[in-house]
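Multiple structures follow.
Two complexes follow with chain A in common, the first pairing it with chain B and the second with chain C.
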Partner chain A sequence: MHAERIVENLNRAHHELFGRDPAVCLIGEDLLDPYGGAFKVSRGLSTLFPERVLSAPISECAFTGMACGMALAGEKPIVEIMFGDFIGYAFDPLWNLAAKSVSMYGRRVPVHLLVRCTVGGNRGFGATHSQSPQKHLLGIPDLDLFEVNPFHDNVELLAELVERGNPVLLFENKTLYSRHCLREGDLDDLFAWRFIGPRREFAKICIEEPETPDAVVIAPGSVVFPALEAARRAFFDREIETVVLTPSQLHPFPLTPILDELARAKRILVVEEGIAGGSWAESVATAIYSRLWGRLENPVACLHSKSSIIPCARHLEERVLLQSGHIFEALIGESVRA
Partner chain B sequence: MRVLRGAAQRLSADPPIATEATPAPAEADIEALFLIRGFERLLLDLFSQGALNGTTHTCLGQEYIPVALSPLFEASDFIFSNHRGHGHYLARFGDAEGLLLEIMGREGGVCNGVGGSQHLFRDGFLSTGVLGESVPAAAGMAWSLKRRGGRGIAVAYVGDGSWGEGSIYETLNIASLWQLPLLIVVENNAVAQSSCAERYRAGTIGDRARAFGVRALSIASSKLDEIRNCLAPEIAALRTRPPRPLVVEFVTRRLGPHSKSDDPRPPQLVAELWRSDWEAPLRQHHPALCERVAARVGARLEALRANALQKPFSEWADAR
Partner chain C sequence: MHSIAIPKLNANDDACILTAWSVADGERVSAGALLAVVETSKTTLELVAEVDGLLLRDFAEGDEARVGQTVGYLFPDEAARAAFLVGRAGTVTGNSNLHITRKARDLMDRYRLTESDLARLGKSVIRESDVRALLEARADGPDRSFSSLPTPTGRPANAIELTRHQRAVARTVTASRREIPDAFLLIKIDCERALGSLAATSATAEIQVGLLEAVVWQTGRLRADYPHFFGEVIDDESFLPATAAHIGVTLDQGRGLFVPVVRDVERLTLEQVAETLDEYRYNAFRGEFEESSLGEGAISVALIAEPDVVFSVPVILPRQVCMLSLCAVMEEPLLVGGDVRARRVTHLGLAYDHRFINGREAGAFCRDLKNAIESWGEDHVGR
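The block that comes next holds the complex of A and B.
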């Protein structure tokens, strides 16, 4: 029997939460069955829990703001942003109301708000439906960022996030939905993986755990796949031993659990599908420098997609988005793509 | 009583609050009116002495609106207030001490000096400083109040300037579709910071609300009894299920500047607004009562001022 697909895992995460906690509700666009959401994450929910699935007009600002009000009322709303490209409309309620309410009233006010947000390219959706907006939401006090990956179970993750007390953005790369969830152990003929960190903050993927890896690649979400492709090629072509680390939590970034791993590596890469300029990868690199300065053999390489709009045609999209070839080049120390 | 529907109205020429033809207003109402006005004047005075940090937005001229509404609200209601919210807070809680200490950043402030003038949160009351932002939040609160049963309603105080924000229209649409117990109170003082209404608003607020199937009333009176008599059945209807959201526009006047000294309106216009203010006729018609209450409130505020200046600066436990 195949493991669940990630979209099924996310869907089950919602069903379990809804079944367990009457404060959990979902608001967003086109959520009702039989459609069940643009990417089918909410399938079946409106049939079982009609009063708690709020299929809203195309009004991201209002329904995200409403979710803030619901959270202040003691509910645990989940917001679905159909395409992360639309989150600009929801920025004010997230930035100025949800996140600030946690602390601007002089005492800790729990805000149980989870905003799920479909992101990323490689689907041919073009410039306004393919972006990775993570960096625009980075560094806001009390707004925590997470990203779905094939390793961390979303049933556990969502249960934790709705109880967190800080508003959370969960990014879901749309190329992941149809992938299968992975179980600890062998990944394929070459790689195996396990969780590391006291709270299983990272999935660690490598061939045989090297004492001093040639390279560590920090790769969230869907970019773990091009990272692994590059690691495989670097191993067979150059005998380069790579460790790939995939975090669930992007911000605040949990650096401590991987500090020793990073300190032993000859080369560190931080890769993401977003573009440079105040990016997530750059903020991680800065944190690494401040902790490991003097122990690094090479500069931390930040790899992004090109600073460009994302074109529609597949061959043009590939020219812009981060590819495994770029990661491979950086692994062998040949180039560092801005 | 004039419930006005349609084009923008001039301010009421009626004598404000109460006349000899009506019974003397309740002493508690006069006290609330004088407390809010005295509080705002105290703030301006403290600013002029350099005793306050930052800025503030006084509700001089608009005090009667929350005073009129306050007894119509219940403990289970949730009120969202805005940048000009001292009157809303004082009408609900009477807590001039907590608010003054908050604005002065002293121990005992409602939000430990972190929130300041426009970010207050306490027992079914929350204010925030971004215009139009609270209306969707109030709708979310209204959704929760409705699904949890009971009679509670969510109230959002906004100014007319906020009706430039799209969040309000998105919310009116949803509130109407989902039959939310949401009351939007519009304090239409015809001026947004320094801009007058004719420069920023086409059409009327009522027509905009009605375009979404939302019931809208406009009230030019500043008489507490008239306002309450008009709105009591409307707010009672909001408490029945399913409710229909309601917009109540008060045609009112802002007698002070936007914040401290930023009022470009011609002095003659402001003088005309003062002539329609509630205080002078109230004092004229009920001199003994007003004098007694004003003295009491004045003494209370002076004691608060002296006490506040002695208090230590606030601690912020959550500081990082």
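The block that comes next holds the complex of A and C.
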């Protein structure tokens, strides 16, 4: 019937890694059973592997720094940041210790550090528990950014990331946890999806694979859902043929596998829940311009949430965060949100 | 009727899986009884009846329901449950497996294509280009109204948009007004005698037989003498006479305007005409028609039943050559040798395409119809 939920998939990913590799451990807040973590990703782990799950005090700087040291000592620590809004505390060890250590000693030093970071709003959690801080970690040499989505299997993804040798930040939008993982093929009554790229870098979601799509929307993580809602409406209302592309890796962004797809599109949208100003979407747009300048029919549209604090009240939160209506307007070319 | 909706279950779930219903469809439950079990990302929860009632399940086990979505209903009694099911049947349209874009739907409406026509393409997603391809593949091909109407864009937010059905009506009447050079003629008919006779027929036949039925029935019988009033316009200079008197009748019971067709009226008795129209009135009330009853008529009749309406110019349906309108019945004084007596009259209008019909023929057609109604006799019954 239904595939497992994304939170169950992430939980299984941890269990399989822990069972296979004794160097893997988990550090973060409130991880121990029976609570099993704020979003239940670590459920059951401390019961099975009590010596490898460390429930740390509320100090992202301290426990991330500790994990960096463990990684340099050859361990493969996973850090859970309960709310990504507080990744700022862990910024220094990630920027100046973990990422630098890979290359500053004259030879390449593998750093097997995975920092999982819960992000995003639409849950009524308020200004300091709802943000999307991806852009603040963008563009640091040897710090790779990934984001969980409903398409890429997290069991495979986590296994790959702990072996990557570069420190990795994995963003997990909290609205995805209760969603179901999606199997390649029909997504619903209208859309179907498949992986594209030599390393399955993107999920490609569309209606009957249009030869020359009216629009391509690059939508990571949870924004794939408002993007699909907008694509559905644009198709029925205006016959706008949209292809949605969801990457697993945000940075460095794997542009090459989708260049042909982008070159055929009349319009390109890059959407994210974060806010504009040195954002991920803007960096992707810049990369697209440098490769496709002269072939684009329209400017690349970057869609973000409003530059504002995120209100707690749901109806006000919806006015701030990127919603499907904004994507729809951009798809039909009527307005582009700043 | 009480709706059973999925409540907000926790902060993290916008949806849940309805794992199992605990009550059979149609079974009676008391307030507080367990209705169904739902599963969120965290736990399983119970949906409990808030009122007493008969259950109507409206959601499949194992499917995912959004918070706020209605998954079932509770009714006070079986009659209410049955009435709801009947009412809802009227809103269900056609083949739900087809995904039809708005542009495709507009074109389908314009050419009166149904979902079954499109289903033959073997596609599940229907775009405008698919409908065009189907139209071009047809022997008769797209007609002159094929040139597309401008698609309205940039409507203000408070604009009222027409329903899909009314958009189809709008296109039809616009095409008619643009293409058909029509003329109009109105004739007064004394229906005193016919109404008396029809009342008797209604009582015997136990079905409503009124002036509309009489006009439809009698019109069918005029085809032999007026073949060029029945049929299909081919182009500005030619016309294809119909081989049977298929007569469209406008019906609007508040669910939209329909023009179902009474087929082969020449072969029907007055009672059969009445039975067909009776069925169509019921269909119009529910807003649903069999595809076969909405085909092309050879001529059409519009009934304007509002009291005191004396004058109505019908809009000739594209490709037909004329259309009758029947106005209200009203009393008027009649001078008979210096005495005043009351009589009941109605007005019959005929809008006709002047390319194919001239005033003299239109007048003759109306005169024959008038004479037939005014000399209406008992002998029509059962014929």
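In this text, the second predicted complex is superposed on the first by the 338 of 338 C-alpha atoms of A that agree within 3 Å, B and C clash if a C-alpha of one lies under 4 Å from a C-alpha of the other, contacts with A are read in each partner's own complex, and residues count from 1 in each chain.
Quick note on the criterion: contacts are C-beta pairs under 8 Å (C-beta built on N, C-alpha and C of every residue); 3 or more make two chains touch, one makes a residue touch a chain.
Computed from a prediction, not measured in an experiment: that's the story for all the values here.
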Combined model on chain A where chain B meets chain C, clash or fit: fit
Vertex chain A, arms to chain B and chain C (CA centres, degrees, nearest 10): 170
Which superposed partner A:123 touches (first chain B, second chain C, both, neither): second
Touched partner set for A:108, first chain B, second chain C, both or neither: first
Which superposed partner A:65 touches (first chain B, second chain C, both, neither): first
Contacts of A:37 with chain B and chain C, given as first, second, both or neither: neither
Which partner reaches more residues of chain A (counting touched residues only), chain B or chain C: B
First, second, both or neither for A:96, with chain B first and chain C second: first
A:74 touches, of chain B and chain C: first, second, both or neither? first
Contacts of A:150 with chain B and chain C, given as first, second, both or neither: neither
Touching partner for A:189 - first (chain B), second (chain C), both, neither: second
Touched partner set for A:56, first chain B, second chain C, both or neither: first
Shortest span in Å between Cα atoms of chain B and of chain C, once chain A is used as the common reference: 32
Chain B/chain C common contact set on chain A: none
Contacting residues of chain A [partner chain C, same complex]: 1-2, 5, 7, 39-40, 123-125, 174-175, 177-178, 180, 189-190, 207-208, 235-239
Contact set on chain C toward chain A in their complex: 11-15, 17, 40-42, 62, 64, 99, 101-104, 125, 127-128
Chain B-touching residues of chain A, taken from the complex the two chains share: 51, 54, 56-57, 59, 61-75, 77, 92-93, 96-97, 100-101, 103-109
Touching residues (chain side chain B, partner chain A) in the complex: 78, 109-115, 119-121, 126, 128, 130, 133-145, 147-148, 154, 166-167, 170-171, 173-174, 177-178, 314, 316-318
